[in-house]
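Should a chain be cited, it is by its letter among A, B, C, D, E and F, assigned in written order, with residues numbered from 1 in that chain.
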Amino acid sequence: MSERVRRAVILIAIVSLLLLVTAAPTLAISPLMQGDATGAKTLKEHPGWPVDFAWTLICGFLVMFMQAGFALVETGFARTKNVANVMMKNLIDYVIGSLAFWVMGYAIMMGANWPSDNLGIIGTTGWFLAGKAYDVSTMAIWFFELVFCATAATIVSGAIAERPKFSVYVIYSAVISAIIYPIYGHWLWGGGWLSSAPFMVKLGGGYGALDFAGSGVVHAIGGYIALAACIMLGPRIGKYDENGNPRPIPGHNIAYAVLGTFILWFGWFGFNPGSTLSAHELRIAVIAVNTNLAGAAAAATAMFITWVKNGKPDVGMTCNGALAGLVAITAPCAWVNSWAAVVIGIVAGFIVCYGYWFLENHGIDDMVGAVAVHGFNGTWGLISLGIFADGTYGVYTTAGPHVTGLLYGNPGFFLCQLISAAVNFAWAFGCGLILFWILKKTMGIRVSPEEEIIGLDITEHATVAYPNFVCTETGLPFSIRGGKE
Amino acid sequence: MKKIEAIIRSEKFMDVKEALEKRGFYGMTVTDVRGRGRQKGMQLQFRGRVMEIDLLPKVKIELVVTDEEVNDVITIISDYARTGNVGDGKIFIIPIEDVVRVRTGERGEKAI
Amino acid sequence: MSERVRRAVILIAIVSLLLLVTAAPTLAISPLMQGDATGAKTLKEHPGWPVDFAWTLICGFLVMFMQAGFALVETGFARTKNVANVMMKNLIDYVIGSLAFWVMGYAIMMGANWPSDNLGIIGTTGWFLAGKAYDVSTMAIWFFELVFCATAATIVSGAIAERPKFSVYVIYSAVISAIIYPIYGHWLWGGGWLSSAPFMVKLGGGYGALDFAGSGVVHAIGGYIALAACIMLGPRIGKYDENGNPRPIPGHNIAYAVLGTFILWFGWFGFNPGSTLSAHELRIAVIAVNTNLAGAAAAATAMFITWVKNGKPDVGMTCNGALAGLVAITAPCAWVNSWAAVVIGIVAGFIVCYGYWFLENHGIDDMVGAVAVHGFNGTWGLISLGIFADGTYGVYTTAGPHVTGLLYGNPGFFLCQLISAAVNFAWAFGCGLILFWILKKTMGIRVSPEEEIIGLDITEHATVAYPNFVCTETGLPFSIRGGKE
Amino acid sequence: MSERVRRAVILIAIVSLLLLVTAAPTLAISPLMQGDATGAKTLKEHPGWPVDFAWTLICGFLVMFMQAGFALVETGFARTKNVANVMMKNLIDYVIGSLAFWVMGYAIMMGANWPSDNLGIIGTTGWFLAGKAYDVSTMAIWFFELVFCATAATIVSGAIAERPKFSVYVIYSAVISAIIYPIYGHWLWGGGWLSSAPFMVKLGGGYGALDFAGSGVVHAIGGYIALAACIMLGPRIGKYDENGNPRPIPGHNIAYAVLGTFILWFGWFGFNPGSTLSAHELRIAVIAVNTNLAGAAAAATAMFITWVKNGKPDVGMTCNGALAGLVAITAPCAWVNSWAAVVIGIVAGFIVCYGYWFLENHGIDDMVGAVAVHGFNGTWGLISLGIFADGTYGVYTTAGPHVTGLLYGNPGFFLCQLISAAVNFAWAFGCGLILFWILKKTMGIRVSPEEEIIGLDITEHATVAYPNFVCTETGLPFSIRGGKE
Amino acid sequence: MKKIEAIIRSEKFMDVKEALEKRGFYGMTVTDVRGRGRQKGMQLQFRGRVMEIDLLPKVKIELVVTDEEVNDVITIISDYARTGNVGDGKIFIIPIEDVVRVRTGERGEKAI
Amino acid sequence: MKKIEAIIRSEKFMDVKEALEKRGFYGMTVTDVRGRGRQKGMQLQFRGRVMEIDLLPKVKIELVVTDEEVNDVITIISDYARTGNVGDGKIFIIPIEDVVRVRTGERGEKAI
């Protein structure tokens, strides 16, 4: 057992112990101070809630299934020698994220506001889901928020794939799920300042910054941490030629990438419509339609862009296009009409193509295109909501005040969204830089060049993904000479 | 005895195989290889970025034949593998000192 | 950029522009003439609808996920050199179909009857989901109908795989989703003549032709367009030997094919039970059971047929069998009992095996067996409904009149179904022939023989699906000599 | 056609005929004696049931989808030469299981108690879902129980993979679904003696043995039949070296294994929360959270165990760990708090690792680790329920008496659970031994060594899973020399 | 020095490898190939239709040895790869003019 | 003419290929093989159990060159494929009697 591992294990042992000790009292055998754990009281008070619970949970299941979609897209875009590692990272961020969000992530995100109700910076209740949080409504929301948190976490794995140490990824997973994601989440969805501070509400005209299902909270957070991580890690060996021109490194299985895209699209119907947290919001139908149209418009746009550019429609970029549209519509999905959804999608298709190529040309080696897909389009989602909100839906509910954007005469709300987008970028990118900088200085974040060339499957997991197949890199991509724009 | 090693286009393999079979050359060993030569590779794209591939898939056929048959086999392969464009492939003739048939232990020409 | 591409792009640009211009007014900023976009009014009028919305949408999500199933089955049955192309086609028909169905498909299918309410030929309202169609109920139905439409569209891609031009497939996707599918759909589900014309209703004894979830509307339409397309395209190079005997061309990944079958089966539970559009129809339980039993009976039947014929149970045909049973039960699922479902499934198992072999022996090269699975069994679904309907369920609702078939003394309804099946075949096959004939005469529908031999991944998309693997066709199927019956 | 096949086919023909003859009368055209087939009466009596039907069915769909997860995990852990066979077995056990459960499994499991209401040994009504069983509620329950039954059945396929005859597997599938599973199921869930006999109820303090979603009923039954089957079959050729030391035989596709794990995790949200059969039980939220936490805790535990042991985190064992945690929480999921769920998961992680290695060291060649995952952890699930039940939820319903375990002062219930676990093991393992012993003596259960070496794809199905790929066993695992502990 | 090229049944590879190892022949290079000869292929089915496969998977072992060792190696391979049925494979003996060990630059027999 | 068969580490292939190209040796045929020699394999784990792999992936490069070029090519390959650790690989020199260019039918040195 290497020294590194030994240290990791000891660390984890200590942390776990601490947690259990902390937990013990709150878990005390008497359920005196707990919430409505059986659900009987809640049902009596809200006899219409069963359908809302069912809706929220089932949609949450679909979002959880997006983990499989991310795993497939990322694995498909990775080389054979890193398949097991990419899959493992996708599994383990969900695993670690679940535990971290249970221990503290949820409390920080959805707990009672601190320092004050008017200016919430972080939440402070609900640790370990113990005490009052042992309540059916809290649990339903915990589950739904967890799967969103896990989505944010997993976005990074694909961007930085094929080079980071696995142990670093484990730690990163814990930190984003326990701290980075929940804090911005609190600002938007936990009653924090971006959505509820009086000056924001005033600026927006009755409501502060909004984000229906997480273009910003989930996707842009993940995307900009990915950007920071890509910068701290540097590009993969062989990604740039002597002149600094990018060389494409094709993924090993385009079928996985497309299958993953389908699964993500499917899961997105849990992501967006599910974010009403209630089937009584019949607006869910509009949300589903908008989600689908934006994804389709963006995929078609990306396809045509590559078709015109290179004479042939590119499969990988079409997948990225679909995801870009879905990311972009995630914030505005409940507040815009179908025509706007199509326009948002078309713009997303342009952003993802040119955004990805721009970054690639500037030394950012993002294996799956996560920064362009989730980062840039997450921001576009926040902004487009500020533009296209058409006044037919309220603040996460049917009741007024109805949300309107720039086009419908509310520049104040548009400003709110710009602020939110800027804060979002600063927070995610800043935290990402700090986190990966600390890790780099302490344990080192990247495997050695030899390990990278051999592949992380063998060096990090002592395994081979497809032992019965003859796999090669001699034809592709080792023999690629200089990519051309 | 000689070993004829022919490296040909994958898409021509079926034609060559049938032609050889018709003239009575049935035994052969086939490997999937990648090759380059005068043919300058091809362009593919990945996520919209164009790249140049310089090793192309080829099929290698190995046939061990008697000295007299060598020219026949060369002619057949050349005729059926030819498209006239660069990349049609090459045939190498290699001396073989002995052949053993595992099943029977026979040696030499009768083991081919 | 080739001339062909240039033209395609220009075309699309013009069409898009036109659409946007048309759309602009209806999308006007004032929501005066819109439906119930927030859902508040609908909820007030129908307080029980949240569960119906949730049910319809979730089932719709499952149907959307069938796209992944189709993609996998088709890709699994294709050769390595066409994997990216088949995947891309499956993605893009959903993408294009979504947009086309938004622009006009839905209006034609579910819009107000023309020329008259009594004799509906096409629908005429709801273009772009604008105006009155900006309504939560309309949106829910739009989404549900869209995923059905996309299913019909995608059926064709597998049948004709490995040889059509990708550009042709893009155009085909638009046409089927915008016109061909919606029109027959209107006749059955949009209040059109087959279901509602007085002479049909009289003949059926209170109801005209029926199709619960689309054996005819979805599957047979897709299946018979596939037949027409296969005829217009001709078989793949190498499919028939000099004597015209078919040679099997095994797919490259049987695991994908089985996984796809599972996903389709899973999605079918959205397809059939979801077609009540309401969870208040408790008959959904019976529908789920019938669906499952028919699929199982047909899969077992197909397995035993190949087992007896060749001495070993065939995996691919068992998958086809399962799908065949699911297709066949799709029309009658709500109106028959479980015993009939098993019988319908057994017959479906025979139809798919012998239907597929018959076509293959007669020069129809249907890569996945879509004509036999979706076409023939779609027709069998319509007919079996006319035979086995047992009078325990009404016309898409619990309320009477209850539907009875031949076995239960209603030969008139059986006739209705025969008429519907005949019209279905004529419409789909006819439109398919015309469409592909026009495309053949104008832009050409098939890639060149050289391109076909190299594979569509490289020639149509400049990509390779599995760049790190050594893939070969030297063992299989290039060295197959003559298939035997 | 070989003699063996001929006999199988004749057998099946006779059985089918018998079934149909038996069925005919009950299926008689008059629906006089049927239940509420339309659902109108049920809806009138229980206007709140639509959401419960929707919930139960959708959760059932998710459970059905677990078949795909099992298929992928098992196929991923198999060698290339057995891929089609493993996939086919997973498909066909669902197919045969559906039919067998329709014919008799359901009647035995959920039918009226025999010999007496107080001491139910088997159920006796509902054959063929005919007569009174033609009822919407019965159908919903049938469907939900079927997918559980199919889960139990499919567990065995992975454990014994790569060596049994396919025909044997077909028969096994019928027997487990028709008889073995339903009988223990009846004892726990059908009102049978383990749950309802007066002495058990007295011992438990108001309730007998419990199993919320089937740690015992489903998983341990499958797991211990698998154990019996592994013993009767013996290890695969090459699994043990001359000194009897186990040699690892790596699976051919780790990506499938992880994808399958994600699908199973996703499906488990149908499995556990769905087992309330009602969305009115708002406890579903707690169940979902517990399910997720136990899976995560167990996966993390298994990962750290291999990390410490071999210096690198093992991907396959982490997958097994996740499943182990999910299995273990399946029985207690509704009755424990989140802290207990984490503890149950951690223990499950240890059980699966050391359990698997123990069996492997003692000559049990379980390809996927099913005995450790489903058997041992199934038992742990039953026992942990007896320990951690915290008195916040009743007997499958919100209403009291609330279930408490050892830690909360109810040793009697803990004893009930121990009895249930012992009976469970004895029944499953015993039936498994008898079944496979009979099959061994009559038709033989294992393919010949030559067939095993060539692989079951070719010898049992005359197919090759990946015909366009060069597959090899020369590097791995043929050149493995001696595994080390 | 000679190169021994043996084309054998895949399922016999492990036995041959172990036998060679026991006699001290450790170094080898292995390739997956497909071959045909007297063995007439096998029948598979696809979607219920039977087809004939005429190229079967084989393993090619390449060993470079000194002239004296040639016969030993041939005997070992023949003994352990034999089943007695057609398709057991062939062994070809090819002259080698020189061998270089990349690591050290050594040449000739000591580089083997 | 000689055929140079070099078996090298997969991860060194790109360097070797580029070095050859720079000196004007463009044509080559490449195969993925598995080999063993002094290098003693590696350890992997499967479901937590450790195993020893004794055939490692290598790349085989085949180049046919004129007699004069042989030593040049050997030097280039040795230089660029060397890491100094066991497992660097081997180069075999095999006599070639004739070469045919399929496209033109040319023979001998001008067909290389």
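One rule holds in what follows: a residue touches a chain if its C-beta (ideal position, glycine included) is under 8 Å from a C-beta of that chain, and two chains touch if they have at least 3 such contacts.
Bear in mind that the values here come from a model prediction, so they are computed numbers and not experimental data.
Least step count on the touch graph, chain C to chain D: 1.
Common neighbours of chain D and chain E, listed by label, are C, F. By residue number, over half of the contacts seen at D-E repeat in one listed pair from D-F, A-B or A-F, namely A-F. Copies chain B and chain F of the same chain sequence form an interface built mainly from non-equivalent positions, shared numbers / all numbers used being under half. Averaging Cα coordinates per chain places chain C and chain E 51 Å apart.
Each chain gets one centre point, the mean of its Cα atoms, and the points for chain B and chain F are 19 Å apart. Between the Cα centres of chain A and chain D there is a gap of 34 Å.
The set of chain E residues that touch two or more partner chains comprises 30-32, 34, 44-46, 50, 55, 57, 94-95.
Each of residues 51, 54, 58, 250-251, 253, 310, 312, 314, 316, 461-464, 469-477, 479 in chain C touches at least two other chains. Interchain contacts give a graph that is no line, ring or star and is not complete, per the touch definition above. Applying the touch definition to every pair of chains gives A-B, A-C, A-D, A-F, B-C, B-E, B-F, C-D, C-E, D-E, D-F, E-F.
Residue ranges of chain E in contact with chain B, taken from their complex: 2, 6-8, 31-38, 55, 58, 60, 74, 77-78, 81-95. On the side of chain E, the complex with chain F involves touching residues 3, 26-31, 64, 94-103, 105, 111-112. Only residues 10-11, 13-14, 17, 30, 32, 42-46, 50, 57, 59 of chain E touch chain D when the two sit together in their complex.
Residue ranges of chain F in contact with chain D, taken from their complex: 34, 41, 44-57. Those residues of chain A that touch chain B in the complex are listed here as 246-251, 305-306, 309-310, 312, 314, 316-317, 320, 353, 356-357, 360, 369, 472, 474-477, 479-485.
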